[in-house]
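Next come the structures, one after another.
Look at the two complexes coming up: subunit A is in both, with subunit B in one and subunit C in the other.
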Partner chain A sequence: MRRGLNFFILKKNIPLTVGILMLIMATGTAIFAPYVATHDPLKVKLSERLEPMSRNHFLGTDPWGRDILSRIIFGTRYSLVIGVVSIAISMLFGGILGVFGGYYSQSKLATMIVWITDITMSFPTLILGAMVAIIFGPGVFNTIIALAIAFFPRFIRLVRGTTLSMKEEVYILAARSVGMSDLRLLFIHLIPNIISPVVVMAVIWASDAISIEVALSFLGLGVSPPTPSWGTILQDNLSYFQMMPLAAIWPCLAVAWTVQSLNMVGDRFRDILDPKMR
Partner chain B sequence: MCSEMGSKLLIVNNLRTYFHTEMGTAKAVDGVSLSVNSGDILGIVGESGCGKSVTALSILRLVPHPPGRIESGEILFDGEDLLKISKAEMRKIRGNKISMIFQEPMTSLNPVLRIGDQISEAIRLHRRLRKKEALQKAVEILQMVGIPSPQKRIYDYPHQMSGGMRQRVMIAIAISCRPKLMIADEPTTALDVTIQAQILDIMRRLKEETATSIILITHNMGVIAEMANNVIVMYAGKIMEQAPVNELFENPHHPYTESLLNSIPKLGQSEQKKLHAIPGIVPSLLDLPGGCKFNDRCNQAFSRCNEQEPPLFGATSGHTCRCWLYEEMNRMRT
Partner chain C sequence: MKAYIFRSLIRTMIIMVVVMTIVFVALRLGPIDPAQYVLGEYATDETLRKLRETMELDHPIYVQYLHFVYRIIRGDFGTSFLNNLSVLSQLLDVLPYTLELLIGGILIGILVGVPPGIVAALKPNSIFDQMIRIFTLTWIAIPVFVTGIFLITIFSLKLNLLPAIGGGEHGELASHLLHLILPAFSCGFFMMASIARLIRASLLDVLTKDYIMTARSKGLRESVVILKHALRNSLLPLISFLGIYVNILLGSAVILEVIFTRPGIGRLIVESIKNGDFPMVQTIIMFYGGAVVIVNLLVDVAYCLVDPRIVYK
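This part shows the complex of A and B:
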């Protein structure tokens, strides 16, 4: 009971268990993609273009004769990594700025941070991501940076708000009354208290990041075409939607699967990270 | 006052702490002077919002800034002016020489840290100890404040403890470095009566064992009567009356003190008689009446009270009072 997570929670919490299982399956697919996939996702074979579902190609082939299932399986790698890494970067830097902006809320720097956050928050995240992506150009690394910047203001605002309310708590004053310095106070008392809502939101926003990555790649602003991302797969297959409607639906299902699993886990994470449940 | 500086642990001279808000300046502490002898308990009473807590926070320089600011005054602790030393030096005094207990035990402990960690961390801020040694010391201190099986309790999170237990932990943190002065800001207000008695008992016992002076802030006259040696009655940021505890209860001067004492229900009071209440509410610090700050609620106010603010009379007698009714007394004694 005293240490670590209480796994009893898992037994009672069906959505969390299902979410975690779905997420493990997605992650496993990403890691073991070369073993799971039946074909080379990049191999063009025009003689087999637009084939329906068969024993050789479980989900059929796309307009260039590539195996759709294999492409979706390899696409999991790109979508998951881009989503998670961009959110992690965003959380780290947004968190640092947010904590300082909230703790020293009267300083000029903090006012500037709020200004910039407010201005960037007035753009929808997709538009902001697209703007940054246009500046950086397509590519996996550039998409990660674009998404990290797009989610940056969200994290600043979340962390700053939490810090603002948290620093008024009596235990912060009590910690100062025993002679603690500001920096120690931040790391020992403040950050451990704001980390759980931030992690919960990070998990939920990772699902947003994945869907925005799909959108950017679909528009040609994210991952560049030969690379199998769910967005590019959708783009490839959508033009032949009337001939092969299912081919366009498979990548969407993959997105839905991952987004749903992250949301389920994120929602229930809150309960576990609450110290009262420990 | 200055002649007996030797035995005084803390001397506050003419302290002014103002809050500069958009609506105006609130003079939360307006010219307060007080002193605490070594080993004494000084009680500060008054209604909510009369500046008791701000006085306490000012002594530790913990007034939230902005909007709060210590405008002027002196806080001499062991002969050193706390308002003149650097922030780093002030941090060495907080918790080490002067510690504080807060009103809400439910929220004054960090919910995500085990209590053993919180106590040992406070010790390690001021003493060069290994983590294990500090934890061992935490167990000892928890024993002192009467927490059963402290070896197990140091692994508890605050939410696993009751309010009384948490207040004991707060006291443990406050005494962990053997401070010379402990400021207790309404330490029992949030607790039920039996626990209140236990906590006061612990504080008194610790005071005797460790020779700590205490500033006890409360609005409970009963607590004052039981604990304090000297009492200060505050109203609207000013000291209204100051006297040794027996003198104050037997011979209250200021109409405000009298009213406060009359507002306590007494055992055996006839049922017909209504409990005395002071009419009106504490005035807003942004909109204080002219003259004596208490004039609009005072039952003995006369014209002069509205025009001129009375000074503290009887400064040399040990029983001072800020009321025009006692102008005569001042003349007689000085």
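This part shows the complex of A and C:
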């Protein structure tokens, strides 16, 4: 069933196709950044600062004379990698805790897990990320950790909820009554069944993670300045906003593009998995 | 109901104590040295040590914590490391600005989001519905700061219509409202897409219910059926949505306040985080936790009032 379905879905579902194409373009830009970029994103040239759009600098230069387009292109690398890796880490650990919390829902450990998620979920994700970021300090790696921790409770709650409802299904009961061990049952029956909705949510949350990374870097709590992340580019250019408003809009467009593509893909896949949501 | 509220409040208190402890310990175990921030790079070891003494950072951590708890119980949230002013009064000074922004954003989100949702649900799959769907799909994911920067560029830089910086003159309503328009719209646009979508889904669901068919077969006018019977019931999910959304809105307020250089809780916490102002960070974090829990409690109560079928035990 699966093989024939995929292509059919793509052909009928325009937003999904558009989203995938946008995502492929963003990923391609990230992978081939050194070939696509026209200038060195870190090279400061104060004689060329705040230049408007020209043949040489397609999107102009920033207050330090660096080429904005090249910085945005390299920024794609940082933003995508930070977003995707942090969500992957979060999904892995949050998923494990969520499955155990849901499957052994009567145990003390499960109650504790619920408590921890409840507490952390009562803070805005941005504030949570900022809190962890100040404890670890700025930097690419630390931002990844901060985001992973900030998204951790969301995954626990999602996976726990799905596990709780899945646990009551007949086939789980059947497998248990045959005498299957808990661990085997979890890995053979339960996890394969909850993994696809979780991955779909992970795609949507990756877009959240990217916009929060941009926000953190913009506030000076994420990736530190010379590194070309969209947030740091925005911060650099926003100080000269009145002179060159466009310079601040380009990184925004890049964020909007990526976030939009991830959201479109995730959202459509959620609809496909769960036809009731339409 | 009363017992439910009471238990929730107790739970809130416990959560706050846990959060307070975690934040307190985490801040002090982290790499930040507030004394260094206040005095700058060229401070001598002697002055640093003295300042740490006045900040009470030289005691072992449990002693600091006991002092802190003792003061909190007496209602003293401490003074800021930076300017020695009371943390609580600084927080209360900027709180109205944040509340303005949140309420403005929610109102705009509802006013602009609900009507398209209704129209889309009444004529599903029409051209209008498709247009709304495309619009919500494009807008639902766009981060608030992107909308904010676009709005500033258009309305303040190009058209020169609205102010983009600050929160308005103190105590002047007109000036406050004028400064509120752009940030509130950035906040509201973000909600609008989700609200339109939510209302569409919930109204479509309600319209298939039996009591709608009964109302129609009684011969009621279609406008009465929609407005009085269907819409009121379809607004229920909106209440719980707002409860969930307060969290996201508080996060959005942080970045909007920085972009629009508005005074507010969000900008206060960002600045205190950057300056290593521990008492301020602790207090604001507690405020956030408390605000979200209390809003959720209010949502539960509101739900109960609006829908008498729901009973909390």
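Just so it is clear, the second predicted complex is superposed on the first by the 265 of 278 C-alpha atoms of A that agree within 3 Å, B and C clash if a C-alpha of one lies under 4 Å from a C-alpha of the other, contacts with A are read in each partner's own complex, and residues count from 1 in each chain.
Here, a residue touches a chain if its C-beta (ideal position, glycine included) is under 8 Å from a C-beta of that chain, and two chains touch if they have at least 3 such contacts.
Source: prediction; values computed, not measured.
Student: Which term applies to subunit B and subunit C once both are placed on subunit A by superposition, clash or fit?
Tutor: On the shared subunit A, the partners fit.
Student: Name the contact category of A:181: first (subunit B only), second (subunit C only), both, or neither.
Tutor: first
Student: Once the two complexes are overlaid, how big is the angle at subunit A between subunit B and subunit C (Cα centres, nearest 10°)?
Tutor: About 90 degrees between subunit B and subunit C, seen from subunit A.
Student: Between subunit B and subunit C, whom does A:78 touch in the aligned arrangement: first, second, both, or neither?
Tutor: Once the two structures are laid over each other on A, A:78 reaches no partner at all.
Student: Just checking: does A:242 make contact with subunit B only, subunit C only, both, or neither of them? Give me first, second, both or neither.
Tutor: A:242 sits against subunit C, while subunit B stays out of touch.
Student: So, does A:170 touch the first partner subunit B, the second partner subunit C, both, or neither?
Tutor: first
Student: Which partner chains sit in contact with A:255 here, subunit B, subunit C, both or neither? Use first/second/both/neither.
Tutor: In the superposed model, A:255 contacts subunit C only, not subunit B.
Student: Under the stated touch criterion, which partner chain does A:131 make contact with: subunit B (first), subunit C (second), both, or neither?
Tutor: It touches subunit C, and subunit B stays clear.
Student: Among the partners subunit B and subunit C, which is in contact with a greater number of residues of subunit A?
Tutor: C
Student: Quick one: smallest Cα-Cα gap between subunit B and subunit C in the superposed arrangement, Å?
Tutor: Distance of closest C-alpha approach: 12 Å.
Student: What part of subunit A is in contact with subunit C in the complex they form?
Tutor: Residues in contact with subunit C: 15, 118-119, 121-127, 130-131, 134-137, 207, 211-212, 214-215, 218-221, 234, 238, 241-242, 245, 248-249, 252-253, 255-256, 259-260, 262-264, 267.
Student: Within their complex, state which residues of subunit C touch subunit A.
Tutor: By the definition above, subunit C touches subunit A via 15, 18-19, 23, 26-27, 29-32, 137-138, 140-143, 145-146, 149-150, 152-153, 157-158, 247-248, 250-251, 254-255, 258-259, 269-270, 273-274, 281, 285, 288-289, 292-293, 296.
Student: Residue numbers of subunit A touching subunit B in their complex, please.
Tutor: Contacts found on subunit A: 2, 106, 169-171, 173-181, 188-189, 192-193, 275-276, 278.
Student: Enumerate the contact residues on subunit B facing subunit A in the complex.
Tutor: Per the stated touch rule, the residues are 60, 62, 66, 88, 91-96, 99-100, 102-104, 107-113, 121-122, 125-126, 155, 157, 159, 170, 173-174.
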